[in-house]
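These notes open a run of structures that come right after.
Both complexes shown next keep subunit A, but they swap its partner, so subunit B is in the first and subunit C is in the second.
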Partner chain A sequence: MLGYFQENKRIKMPRDLRRLFNPRSVVVIGASRNPGAVGYGVLKGLHTGGFFPCVHGKPFPGKIYAVNPKATNIQGIRSYPSINQVPGKPDLAIFCIPAKIIPMVMQDCIKKGIKNAIIISAGFAEFGEQGKHLQAELKRIIKGKVNVVGPNCLGVINTHSKMNASFGPTMPPVGHIGFITQSGALADSIIDWSVTERYGFSTLISFGNGMDLDAADYLEYLGRDPKTKAITIYLEGISDGRKFMRIAKQVTKRKPVIVIKAGRTESGQKAISSHTGSLAGSYKTYEAAFKQCGVIVVDTVEELFDTAKALSHQPPCKNGIAIITNGGGAGVLTADNCDVLGVKLTEFDELMLKRLDKTQKMHPAYSRRNPLDLVGDALPERYEAALDIVMSNKDVHGAIVLQTLQTMTDTVADAKIVTKIHKKYPRKPIICVYMGGKFSAAGVEFLEEHNIPDYNDPRKAALAMKALIDRWELLRS
Partner chain B sequence: MRQLSLRESFSLLARHAIPYTRPIYIAGEKDLEKVKKFPVVLKIDSEDVIHKSDVGAIVTNIQNHDDLKKAYHKILKNVREEMPRARIHGVAAFKQESGTELFVGMKRDSQFGNVIAFGLGGIFVEIMKDVSLRIAPFGKREAIKMIKEIQAYKVLEGARGQEPVKIVLVADLIVKASKMCATHHDIVEMDFNPVIANSKQAIVADVRILSRK
Partner chain C sequence: MLGYFQENKRIKMPRDLRRLFNPRSVVVIGASRNPGAVGYGVLKGLHTGGFFPCVHGKPFPGKIYAVNPKATNIQGIRSYPSINQVPGKPDLAIFCIPAKIIPMVMQDCIKKGIKNAIIISAGFAEFGEQGKHLQAELKRIIKGKVNVVGPNCLGVINTHSKMNASFGPTMPPVGHIGFITQSGALADSIIDWSVTERYGFSTLISFGNGMDLDAADYLEYLGRDPKTKAITIYLEGISDGRKFMRIAKQVTKRKPVIVIKAGRTESGQKAISSHTGSLAGSYKTYEAAFKQCGVIVVDTVEELFDTAKALSHQPPCKNGIAIITNGGGAGVLTADNCDVLGVKLTEFDELMLKRLDKTQKMHPAYSRRNPLDLVGDALPERYEAALDIVMSNKDVHGAIVLQTLQTMTDTVADAKIVTKIHKKYPRKPIICVYMGGKFSAAGVEFLEEHNIPDYNDPRKAALAMKALIDRWELLRS
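Moving on to the complex of A and B:
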């Protein structure tokens, strides 16, 4: 009998976090009039979209309340002396008050019936013995009553529900990448970066100490979030490795999950143990655990989002692809990188070459093999004819399209061709490498607006293609 | 925390149907008669001697009774000199198996539980760190993936005229080892080193188990 109950306790129902990420009303406890204070930035982030003005920053459409005992109006938002005076029952409370008074205020919130909280304030487990006791006390208070993000975190941003519940600088572009991070500061920089690099996000979660909800809980939530198509995670350590694996195994069947794990090296690990206070196991063990449940492990932050970009927009594909280029060197580099990563190039048969010849759009010296070098003077029509014939082949499962910048190159027209062909063969991924900078920018922008991932280097494109192939193999097994 | 003795370790393996080379325990000189077939490997039977070759506590490829007797005295002398405080039960003789030397180990991790390691024996594990890891429990398919993951996998396929290793047998052994560790919670660390594998068998030739009690 006892065994039965233990078994039941172990398989817990996932927690309902929908109102935490899509609240109808939010209260900022510790809202401030001082632009240097966190409580100022958080309130500003909510009602304007971000501290820094940006096209992606959107004001929160729901109700916003502020709590500050010394003010009645902050940034035009009505402020109340305490949480008890706030009308109704806000869906979410954001804490920007000193750590030591949080347990007390939290009890008031629980009395009021508030179910979700983000604790931005630091001064808990990461802050000596005293902080550890405080966190333990708070944990007892909220247990089973409130869903808590943090403490010691940046907060949460949901671009689709237009909520910037964080002190992040602004909101990233709307998109389909979910990002869960143990480091808040890293999220700050990534938001800034995403604006120039066009990484579109659905939800960003900085979970700090992970006192209540941990990485696995957020993974489970994003796994069910219809707006999220790929999940990226920055991790320093996990408190419950088994739980993470159990959830990751389920989620990776539905969506790709990509992790960057800090603390590969001894010096990295030392920095962690004095950072978030989580137990960091050996990197190799983590790596093995991740791979075993279908999680992709990457080495750099750039790779994290580069991979996510490909996986969130392009379909997984069988191994066997084509490379199409207007520059021989770029084609060879791409072929080399594909080879190293185990991405196979489909051999072109006579029939395909005949069809290419028949179009009469090929240069007499075109390569007649994979990589298909269309020669430098390739105009959009030649790209189109070649792409169409190559993609229609049953043994070609995807393509890397390269473009080097020649005097006659029309980058935007080329980009339009690529999107057109992708529409015609939606089950075969296309990844682009428009090599260059300033004068290729318009083409790149067009591609990315149409969800064709573009990279500035052949290796990155090969890595992205490899990720799509690995995904296909994972889903098949 | 203590090392299990050779007898304890092997009886544990037997209970989980993990194949191992049968030892002939030699408590005194007259027990040497019990060895009938050659070649054999002679090792110290003492849970205190962990790195046997470092202290000269192992002699391989013994062809006859004369050499066996010499090896017996040499091993006892070496161990008594190098590790005077080691508890010695005697020595043990094993049939000399031929094949590729592999390594299967387990370590208990605070985050993930039992982590199983696999690699080629000897320098591949110690110097090259060419080891693949898996979190237990897992099935045969995962075990096969694990075997194929090491960089030296080609060696197992039989490079340079070497006898290829039957992978499924190794996978089977890995799965059994992981099950053994899952049922005995007292096992903190376990090493099968070496496991000798060829086209007909994968067999544990030496074992070290660290137990909580």
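Moving on to the complex of A and C:
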């Protein structure tokens, strides 16, 4: 059954990709003055992004060079007629030139001693027989000499060194989610999405055809990257399943890895064959293999990042949580979703109820059970008293805090309370559901700035809590 | 097994609730000058909302009166010492006074001939034995004389007559979704949410304890309301199951009805018992009963409105659709989700491919199959040519149109094409997934203004399409 995961390379030491993702200097080969060209967008993204790498712990402005035989200056960046004239030895070369001349230029780069390259250009294995030959030729040239991302990809973004080495139009917010994707278009949409949804990223890698480096190599790199706390992957197929599994097994011990695997179904698999030409393989085989090495599998793109958001900021959680709410209905829906997913609600004992009563801050009609319904007129001080008592209980390992909008709701004040209590009990995760939109936005922003994940729907919060519980169980096993 | 759905009232003619939801004049009993009071918020919402009812097809400014023994003018509205002094006979009275004096004031209202009331005040059946007695007493007083919403509710909003007869802080966008909810807090959050998520509502009804009118009565009313095209319900329990089923069976023939039933699980049911005191009943019984009368059951609040959005604007759809995309990965994910849900992808025949080729607008590497991957550089004219040919095919009954963000993507121009083609084939639904956030927002806005539903994730689009297919099958059966 695991036949698809055959080893086809011998086990070897991981490749050093640090200068690929944290270069001190970058050259854009095929930089362009034409706003419609990829070479224009890449150069623009790079210098407007503010490229500021960190070397030996010290940040300094990165160097950017351009190569274009017809220009000496593009967008204010010095341009050279060929790679041979570029001073020094740039850490990274980005290729935006036509596919057929890349092998030749790559040889010049190798002569110059360039060790890392991103090939954005398309026209390789995804493009008929001719393209396949071209890719095979290029592969022979670079083998053992250059680390190559691509070809046919969007490129790489490292938010912490402000490096946009891609033709993505903008940078996502700085954060701790790493994202490896086999689809460039998806990356582009997700970068834009992350701006409105506040997903913070460390490194994004669109690897296209994966001619040289593959998903497993990137996984290994991000597993060691101190800025990355959770790793997300969009996969269509894996060329070397055994390698991926071996690396995933190591990485998941240190960091959570979450995968969305396209081609779960027959329709999806047929679509893949015409997209990247990858063999999708049986989804069941993938699922079993992922599970075996501790990789979390999700069904939607939204779930991919929703889960990563929780796992990158909140600690793993033993099963047994509390739900605290100011709206009964929202509490019921959350209890339902927890139950469906196997997230247990801790039973509140008499002692806890006595402590709650003693605060004299509870409403006479408060629920006296889990979900703890504080009733609609709950002000921040009631949330604080309740949350503090609940979180101090040894059988409560985490909490989902719900807030519905009532006339007296102060979303920012409530968010401050949640943040305060979370600091008091840093080993117990808190996940919020601030139901609302315009009026709750300020509170949500405060929460997320303080690394408390917030979701707009009880199901998403329950799923996030489930991921933290699964993580706890994985690390214990 | 269906024992829970026992009839406890004899079948009778539906009650006329038109003046309750479309009053010409409203009196707020317990209007207040204190910004913390419910009676302040209700009066403010009512007159700042712009209350403008439509009577016999003609709109005219609605009349608002206030009752407060200690004021003659509140927020610029004339106030009377008691209901007896209010001129004429208001169509609707809204109660914001303490529970214990409501029976007395209600008798005055009945004497005056007031036929409709919303009791926002809490302190009835949800509040101990004393409250239960009070509610029973009130029920005796109003029986057969007044239509009562509540008590212990948020109130009612009719966006088309700009009537905010609730203490919701704002009005949701005008639209065609009706919403009946047993949880007031949820309504409040959803109103706020709808502003950012562009869910358009016709009427919102928070019915609290449901002392007089119940979910079935509201369902019957919305079933006849010409402004409502899809009905959404948040339910915890039903007091008269047989009545609900009888009405639902009739209404679902005319309009889609979508329900989220809280208390699906043991944890949820326990939470309900302490929330509204409703008997939740077995979820399986509910599910079977809902299915039997054509009611759609969903799992999350987001799904409730996502489904309603599609059903209120797009026609039912025979199974067999096309997916059109400019991003391969997004196409694969959508195909996967369709497959999981049983949404069939029509196989494209040679003739269709020939027609596509003949336009000379396709990319050499376009997918030549369903999902139709137009490739990343697809400009609006390629989308138009492809969508027109695909939709004209007799075996394609609807389409999911995906757009990922590429350098050359013009989201508004693409949205205009979709709208244009949808006008050409009005009987075939189109559902969009514009993946992105900030950059795609203008395109999404254009789509939704033209009643093309857009979702941020392929799964949601597949779910929406599934609902249209189910609707087609229900109407055919």
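The criterion applied here is as follows: the second predicted complex is superposed on the first by the 457 of 477 C-alpha atoms of A that agree within 3 Å, B and C clash if a C-alpha of one lies under 4 Å from a C-alpha of the other, contacts with A are read in each partner's own complex, and residues count from 1 in each chain.
One rule holds for everything that comes next: contacts are C-beta pairs under 8 Å (C-beta built on N, C-alpha and C of every residue); 3 or more make two chains touch, one makes a residue touch a chain.
No experiment lies behind these values; they were computed from the predicted model shown.
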(request) Have a look at where A:Leu333 lands relative to subunit B and subunit C in the superposition and call it first, second, both or neither. (result) second
(message) With both complexes superposed on chain A, which partner does A:Thr72 reach: first (subunit B), second (subunit C), both or neither?
(response) neither
(message) So in the superposed three-chain picture, is A:Gln85 touching just subunit B, just subunit C, both, or none of them (first/second/both/neither)?
(response) neither
(request) Could you say whether A:Ala262 touches subunit B, subunit C, both of them, or neither, answering first, second, both or neither? (result) second
(request) Please work out whether A:Phe439 is in contact with subunit B alone, subunit C alone, both, or neither, and reply first, second, both or neither. (result) second
(message) Which chain, subunit B or subunit C, ends up touching more residues of subunit A in the combined arrangement?
(response) C
(message) Is A:Thr407 touching anything from subunit B or subunit C once the two structures are fitted on A? First, second, both or neither.
(response) second
(request) State whether A:Gln130 touches subunit B only (first), subunit C only (second), both chains, or neither. (result) neither
(message) Help me check something: in the complex, which residues belonging to subunit C touch subunit A?
(response) 36, 38, 41, 126-128, 167, 169-170, 181-186, 188-190, 192-197, 234, 236, 260, 262-268, 270-272, 274-276, 299-302, 326-333, 335-340, 345, 365, 367-369, 371, 373, 376, 404-408, 435-441, 456-459
(request) Write out the stretch or stretches of subunit B touching subunit A in their complex. (result) 109-113, 115, 131-135, 138, 142
(message) Show me the residue ranges of subunit A that touch subunit B in the complex, using the header's touch definition.
(response) 237-242, 245, 279, 281-282, 284-289, 292
